[in-house]
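Lettered A, B and C in written order, each chain numbered from 1.
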Amino acid sequence: ASPIMARSPKEVEEIALGCDALALNLGTLEEDSLKAMILAGKTACLHHKPIVFDPVGVGATAFRRKAADLIINQCHPTVIKGNAAEIKALYTHQIGNAFIDSSVETLEVESIAKQLANNLNCVIVVSGPKDIITDGTQTAYVTEGHPLMARVTAMGCTATGIIGAFLAINPNSYDSALHAMQAMGLAGKRAGAISRGNGSMMINFLDELSNLQNG
Amino acid sequence: ASPIMARSPKEVEEIALGCDALALNLGTLEEDSLKAMILAGKTACLHHKPIVFDPVGVGATAFRRKAADLIINQCHPTVIKGNAAEIKALYTHQIGNAFIDSSVETLEVESIAKQLANNLNCVIVVSGPKDIITDGTQTAYVTEGHPLMARVTAMGCTATGIIGAFLAINPNSYDSALHAMQAMGLAGKRAGAISRGNGSMMINFLDELSNLQNG
Amino acid sequence: ASPIMARSPKEVEEIALGCDALALNLGTLEEDSLKAMILAGKTACLHHKPIVFDPVGVGATAFRRKAADLIINQCHPTVIKGNAAEIKALYTHQIGNAFIDSSVETLEVESIAKQLANNLNCVIVVSGPKDIITDGTQTAYVTEGHPLMARVTAMGCTATGIIGAFLAINPNSYDSALHAMQAMGLAGKRAGAISRGNGSMMINFLDELSNLQNG
């Protein structure tokens, strides 16, 4: 994969046209970057390029909820990846106008993920000690990994990037998301076994991830 | 601690309302991020949430001096942390309208820090080989650490974040700042002893910092 | 070297006035950061401070090509550093109105670099397994390094920063660029020999780079 980062409304449509997959992320959201994400997402959607969307901290502010709503409704992400709190927030706040047929309090995150996948017609990935990957019909789990993964900043953004890389080469979005999370889990398990804290975990994880291709 | 980064005026007030402590930082300052910091700081101040302010490079430009002046006067930081040059710049340029009763050239950074702490009614932390922590009345020093700490980018920003984490759980701001700098110094000393350059220092420091809780 | 990062049009002229060398970089370009880079570059140029320019991804979008054109024509960089694709894009699109006297397809990157250096009156650095450094008359190569260097994010931006550091202390821009790339290559070779993946390469490279001064 040859990734490129861009965040100006001046160029993201051209970037989206040239890419094989697009990753959108709400981290440190700003008005201009939101505008850029929607432009890029609409272009990708129009040209049938897969989009992975990471609603970082979507439960934290109304601005992020509005942003997630715009991105979901206007760009139709192929995969949405979040932790349990983020996926629940999408559901609770009816982001993307997901139809809600029971109280969120009584629902496990897995059934929420399945309903979101069905209602938004996409793959939902819930990251956690036990990752859940579902398209509403099929559901898979990834339990490999390591507790230190949750303590490394940007580990979630890394998963989103890796899902994007798999989407770029595999038209099956459910398989792409599953394979990406399996790669994350395997690299995390191997890295965790030889790390002594947050710093070495970050580095060992990058080493293991880059060496997965070698078997 | 569960930190979240935000820099849009569209959401920082809501973020500040929901947090237990706020960290403001002048690094790569922009007009919009300054506006966001002031909004967040005013909200935090109004709701009695502690604020730590890091006047990164405040001596370098008039724009940063003006920004520091606005933040200090409008947000009343609980703790201000800088290196000796930054703390001296706050003093020399009368930022926050600190009363100046003698020539800065003849003053040691410790007496400058004490006067600033008294005049601005906050805790001042001067980072360096010998950290100074003062509220104008009490003064403490942290001499643990390692010379490699000064060569790792964002080590100062890390200290600011750690002070914020301590402020979030301890209403005594002087103790919070002192304990944070002691944690930094101990992690730095341990990391420095096993590092062979800037890169391994960064990683070993993160390892040691994340393992401090384990004794 | 004491580097400072800035990207607001409000302060970059003052920053440029106070620095010994300026590094400009098209990564995640935005309208405001472009405006800031041009202001900083014009100030540096007017005061005879050396400028190193890194046209990151200049072939990817019209926005980046326009930005590179403005920076080259208005700021007259002392050194331009890119990979082969970026240097070819500068040439092909006549950025800086470089005179083009033959089809780019038939030209090797080395002759393109020499023509650009002559036409733009600057030093061109082409990074790759074999780095090319040329001022149009003299040409040098750096073959030291390691394949893992190409897999570490921001390695190119690091080279640009290191060239800037050398420019700040050496008025001979050709020598500065050459010495910077030699330092990169030596650190990369040493780091690559002891690294097992992308993560450890990044850290070992920073270690080796920081230890070069020790012989």
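Convention: contacts are C-beta pairs under 8 Å (C-beta built on N, C-alpha and C of every residue); 3 or more make two chains touch, one makes a residue touch a chain.
Please read these numbers as outputs of a predicted model, since none were measured by experiment.
Between chain B and chain C the CA-based rotation angle works out to 120°, given as a multiple of 5.
Between chain A and chain B, two chains of identical sequence, the interface residue sets overlap only in part, with shared numbers making up under half of the total.
We define each chain's centre as the mean of its Cα atoms; on that basis chain A and chain B are separated by 33 Å. The residues of chain A that reach two or more other chains are 202-203, listed in rising order.
Within the complex formed with chain B, the residues of chain A that make contact are 27-31, 57, 60-64, 151, 195-200, 202-203.
Touching chain B in their complex are the following residues of chain C: 4-8, 10-11, 14-15, 18, 32, 202-211.
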